[in-house]
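Look for chain A in each of the two complexes below; its partner is chain B in the first and chain C in the second.
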Partner chain A sequence: MDFGMLTRAVLSMGILGGLFASGLAYASVKFAVEDDPKKQQIEEILPGVNCGACGKPGCASYAEAVANGELGIDCCPVGGAELAEGIAKIMGVAPACSTERKVAQVLCQGGNEETFDKSEYKGLPKCQVADMEENFKSCEYGCLGFGDCAAVCDFDAIVMDENGLPQIDTDKCTSCTKCVVECPRDIITMAGVSEQVKTKCKSLLRGKEVKVACDKGCIGCTLCAKKCPVDAIDMVDNLAVIDHETCVGCGVCVKVCPTDAMVETSF
Partner chain B sequence: MELIAINFTKRGDIRVKTKTFKQGIHPKYNKDLTNSKPLEKANLPKEVTLYLDQHIGSPAKAIVEAGDKVKLGDKVGESTGFISANLHASISGEITAIEERRDSIVIKIKGSEGEQWQVDNPEKNLEDISAEEIREIIKEAGIVGLGGAAFPSHVKVSTDGKEVNQVILNGAECEPYLTVDHRTMLEQASEVIYGLKALMKSAGAKEGYIGVEVNKMDAINKLEEVSQKDSNINIIPLEVKYPQGGEKQLIKAILDKEVPSGGLPLDIGVVVNNVGTAVAVTEAINYGKPLIERGLTVTGAVNNPQNLIVRIGTPIRDLIEECGGFKGEPGKIILGGPMTGQAQSSLDVGVSKGTSGILVLSKDEIEDYKDPRPCIRCARCIDGCPAKLMPTALANLAKNDDVEGLEKYNVLDCIECGSCTYVCPANIDLLDWIRIGKAKVEAKRREN
Partner chain C sequence: MEGISNLAMLFVAAAITNNFILTQFLGICPFLGVSKEVPTAFSMGLATTFVMTTSAVFVWVIESFILVPLGIEFMRYIAFILVISSFVQLTELFVKKVSPPLYKALGIFLPLITTNCAILGLALMISMEGYTFIESTIFGLGAGAGFTLAIVLMAGIRERLEFADVPESLKGAPIALLVAGIMAMAFSGLAM
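Coming up: the complex of A and B.
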C-alpha cells in the first residue's frame, strides 16, 4: 500500500480544513450580528404560537418590539399575567398590575330553537356575507350561526353546537380576540374569569319585538335591576348592563329573569 | 393607446354606431315585461318609513320628534356633513315613531291626505340662476344619485376648484329587468335635458353627454329630437352590455378616459349623474320640490309589472299589491336589479332614494346554494371583469386573509357589479369573497 499517497491526501485535506476553519473563525468575530440578549430571552418564554393577537406577525417580532420598548410587556393575551411577569423580570421593570385572565364569551342564546328564519338564505354560508346580504334571521342582533368564529380560532376552542350557536371551551381559549374581531354582529366579547353573571343578549329592540324574535332575549323588563341587592345592574337601551366591579355574584338576577337571558358563567 | 371599441349594432333596419368599454358580460335582459308601460303615479301610501342613512356618507340627523305634525316636503332629517343629504317628509301626517335599528334610525309617518306637489310654476330660465344657487337648491332638496348608489348630488357638482369639462348623464340602464330610466327619458325628455344643462352650469362644464344603450332606440331618438338646438349636448348610443352603466365604464366608453385607481371621475374633469337625478334637479329648480318621490320598476313574478312614481318610504308590500300581487310563490324579493340589488326578508321595508326597482323572482327561478367546485382556471371572470381585476386571485387572497396582497391587486377598485360570480362555471362566490376582502382592507386603513 502506498502510504505516501495516503499521507498526502490527509495532509492536503487537513491544511485546507484548517484554512477554512480559521477563515470562518475570523468571519464570526468580524461580521458578528449583535442580537439583543433580552429579545432572545423573551422569545424563549413566549408561547410560540404566532397567533398575531399582540398586533405583530409572530412571537419573534413581538419579542423584538418589547426589547426595543415599542410594545408593552402585557400585550400577549395568550401568555397572560404569568408571562407578563416573566417578561417584566427580563426587562427589569415592575410587573404590570393585575392582568386577569380573560376568555371569549358569546353574548347570544338565539340558536335555531329560540329564533326563526324570516326568509331562506341561499348564499355563501359565512356570517360576514350573510350580514351584508338580506337580514334573514328573526333577530337582527343575534348570532347568524355559520361559524366564522369557529373557523378563525387557531386553538380549536370554538365549536358550533347542534343549536347553531358557538360553544367556547374556556380551557382552550387563549384570549387572542380573533373571534371578537371576526364576528360581524359583535356578539363575542372578552370577559374576565371573575365575572360571574352575563346578560347573554345584545338586542336593543323593545321588549315586544324581542319577544317575537327570540325566546331567550333580554326584553328590558328591569326586574333584575330592581332585585339586585347591590344595584350593580343598569338598564341601557332596553338591555341590562352589569357593573362587574360592584357585582357580588349572588345570582338573584339569574333567578328572576323571565326569559333566561341572564346566565351564570362557568369557568 | 387603446382604441375605444367601436361596434356596429344592428337594430331593426338601421345600423347604429355604438361605443362601449372593454370586457363585461351579456346577461339576459328581460326588459320587455315593463318597457312599454308608461310611468304612473302610485297610490299614496298610508304610512312611510324613512331611513336616516339612505344615502352614502354620514347619516342625517332627525330634527322632528314623535307626535310632530309634518306637511309634504317638510325637512325631517338634516344633513350632518358635506357628504350627507337632507331628508323630507314624503307624505303629510303625523310622526308616529323614531326608531333605532341595529344599523340605522327610521322615522315613521302616518296619515295621508292625497296631497300632490304643486307644479304650476313656469320653467325658470337657467341664465337667471347662478351655479352656486343651483348647488344650494340641489343640496336643500336632498337630491342623491338615483341610479342606485345614492351618492349626494351636490357633492358631485361641488368641483372644489377642479376644472370640469364634461357632464355625463347615465341612461345606459344596463341592469336586467329595470326600465324606469328608459321610460323617464322617453316621457320626460325635456326635463332630462333641462336637468343636464343645470348640472352642467353648476359644475361649470361645457359639454354634456347622455349615454343610452341601443336597446332603447326610441329614447335615443326622443332625446335627439328635444336637444336638437343644443350643439353642446350629445346623445351617445352604447352597446348593450353589462355593466355599461357603471360610472367608470361609461366614462371609458363615451370619452375614452380612465378614472385613476382609487380616484373619482372629478379627478379627470368628469361628472356622471343618472337621468332620474337630472329630472329631480329640474323639479327642484322649477317647482322647489324636494326629493319626495322617485320612479321605479316593479317587475318579475308579479301579476301586473309596472313603472311607478312612488313616494320615498312606501312599504314594498303596498307596491307589490298595487301591481297585482305575487304571481305564484315568491322566491326572492330584491330591491334594485338582479345583479346589484339586495334581497329582502320583509315586505315592510320602505323604498329608499336609491331603490331603482323591486324585482320578484318566483320560487322556480331561484336555485339552491351549490357548494363551489375547484377553480378550473378558465379565466372567464377575468375576461368579464370591467375593472380589469383578477377576481379569482382576489377571492383566494381574501380567503387567506392576505390584506397586503389584496391591496397590491387593487381590491378596492372592484365596483361590485357581480359579473365574475355570474360567469363562474364552478359556482365560486367570487364577489362575496371580494367584498370580505374589501372590508378587510378598509378596516386596516381605518386602523392606521
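Coming up: the complex of A and C.
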C-alpha cells in the first residue's frame, strides 16, 4: 500500500474541493438573488404541508404567487380565514373574504318512507350500478340510497340515515366536492352557507307524477313563487328555483309548500 | 499558420463532424428535454457551452499540474466531476441572478448539466487525447458550439412539428426521437 499516493490524493482533492467551495461561496454572495421579503414572510406563516390545494405545487410557490399578485390571499383552504388574515397583514390589504364557505347539500328527501320500489333491485348495492341498470325506484330523479357519497367522503361527513338518505355533517364538510362528482343522479350540490332555503327536489316530472312517486317532491304548484315577497323564486321545468342573491330568507316559501319540498337549511 | 488551421480543424471536428449529440450520442437528455422552443434551447446551449469551455480549461490544468505530477490519475473522475459540478453551480447562480425567466424555463435541466455525460465525456477525451492547453480550450468551445447547434436545430424542427399533422400514435416523444435519429444520420454523413 502506497501511503504517499494516498496522502497525495486526499490532500490534493481536499485542497481542490476547498478552493472550489470557497469560489462558489463567494459567487453565491456576489450573485445572491434577493427574494421578495413579502414572499418569505408569507411562506413562514403558511402551513408548510405542500398539499397543493391552492393549485400551486407547494407552499413556497403559493407564497410567491401571492407576493406578485397572481393569486389571492385566501386560496389556502388548510390555513383558512386565520391564515388569510395573516397574509392580508403582510400584503397590506384588507382581509377580504371573497369566497363564502360552501358545504354539500342533498337535494332530495325521497327516502324509504317517502318513495317506494317499483321492482326489487338485485344488483350490486352501489348507486353508480343501480343508476345504470333499471328504474326500480318510484322516482327516477331521486336518491338511490346506497351511499356512494358516504363511501367516497374522506372526512366522514356523510352518513346514511335510517330512511336511506345521506345526512351531511356540515361541520365536517370541507367542500372537496367528491360526493357531488360521485352521485350518479346529481342530487348533491355545493351550497353557500348563507343560502337559507333550498328546494330539496330534483324531479322534473309534472305534479301528478311527482305525487305518485314521492311524498316530499316538488310538484311545481308555483305557490312559493307567488307568495315570495321579493320574487326570488322562478319556476323552471316544474321545479322551484331560488335566486339566492335576492332571497332574504323570510321562510314564507317553506310555510306555504304543500309537500314540504322547500326546506329551511341549518348550518 | 499550420497551428491555426489545426485548431480550426479541431473546432470544426468537435462542433460538426464529431458532434457530441448527433454522432457521439452524448447529452441526449437535455437534447430532448429542452428543445421545445428555440430561445430556451439556445440559452441551454450557451449555458452548456460555458460549462464545457471553462471545464475544459480547468480539467486541462488539473490533469497536467495535479493529477499527472502527483501520479494520481485514478482520481480523474472525481476531480473532473468536482470541476463540472462547481461550474454548473456557478452557472446556475449566474442565470438565476441575471435572468429569472430563463432560470425557470431551463428548470431541472440546468442543474442536470452536472450529470450531462457530454461534459464528463469532453473532460475524459481531453485527458485521453493529450491535448495542449489551447487545444483543450478550442475543443471545449467546439463541443459547446456543436451542442448548441444540435439543440437549436432540434428546437427549430420541433417548433414546426407543433403545427404538423403528426399521426396520433407518433405525437410527442416518438416523433422527437424519429427526428433525432434522422438528424443523427445527416450528421454522420458529414463525418464520412
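The criterion applied here is as follows: the second predicted complex is superposed on the first by the 170 of 267 C-alpha atoms of A that agree within 3 Å, B and C clash if a C-alpha of one lies under 4 Å from a C-alpha of the other, contacts with A are read in each partner's own complex, and residues count from 1 in each chain.
Throughout what follows, a residue touches a chain if its C-beta (ideal position, glycine included) is under 8 Å from a C-beta of that chain, and two chains touch if they have at least 3 such contacts.
Quick caveat: nothing in here was measured; it's all calculated off a predicted structure.
Shared-chain residue A:M132: touches chain B; no touch with chain C.
With both structures placed on the common chain, the touch criterion links A:Y141 to chain B but leaves chain C unconnected. In the superposition on chain A, A:H244 makes contact with neither chain B nor chain C. When the two complexes are overlaid on their common chain A, residue A:S12 makes contact with chain C while staying clear of chain B. Legend: residue contacts after superposition of the two complexes on their common chain; A:K227 is shown touching neither chain B nor chain C. In the overlay built on the shared chain, the residue A:K118 is in contact with chain B alone; chain C does not reach it. Note for the complex: chain A touches chain B at residues 118-119, 122-126, 128-129, 132-136, 140-141, 204, 237. Those residues of chain C that touch chain A in the complex are listed here as 62, 66, 70-72, 74-75, 78-79, 82-83, 86, 89-90, 93-94, 96-97, 100. If you check the complex, the residues on chain B that touch chain A are 100-102, 342-346, 366-369, 429, 432-433, 435-436, 439. On chain A, the positions that touch chain C within their shared complex are 5, 8-9, 12-13, 16-17, 20, 23-24, 27-28, 31-33.
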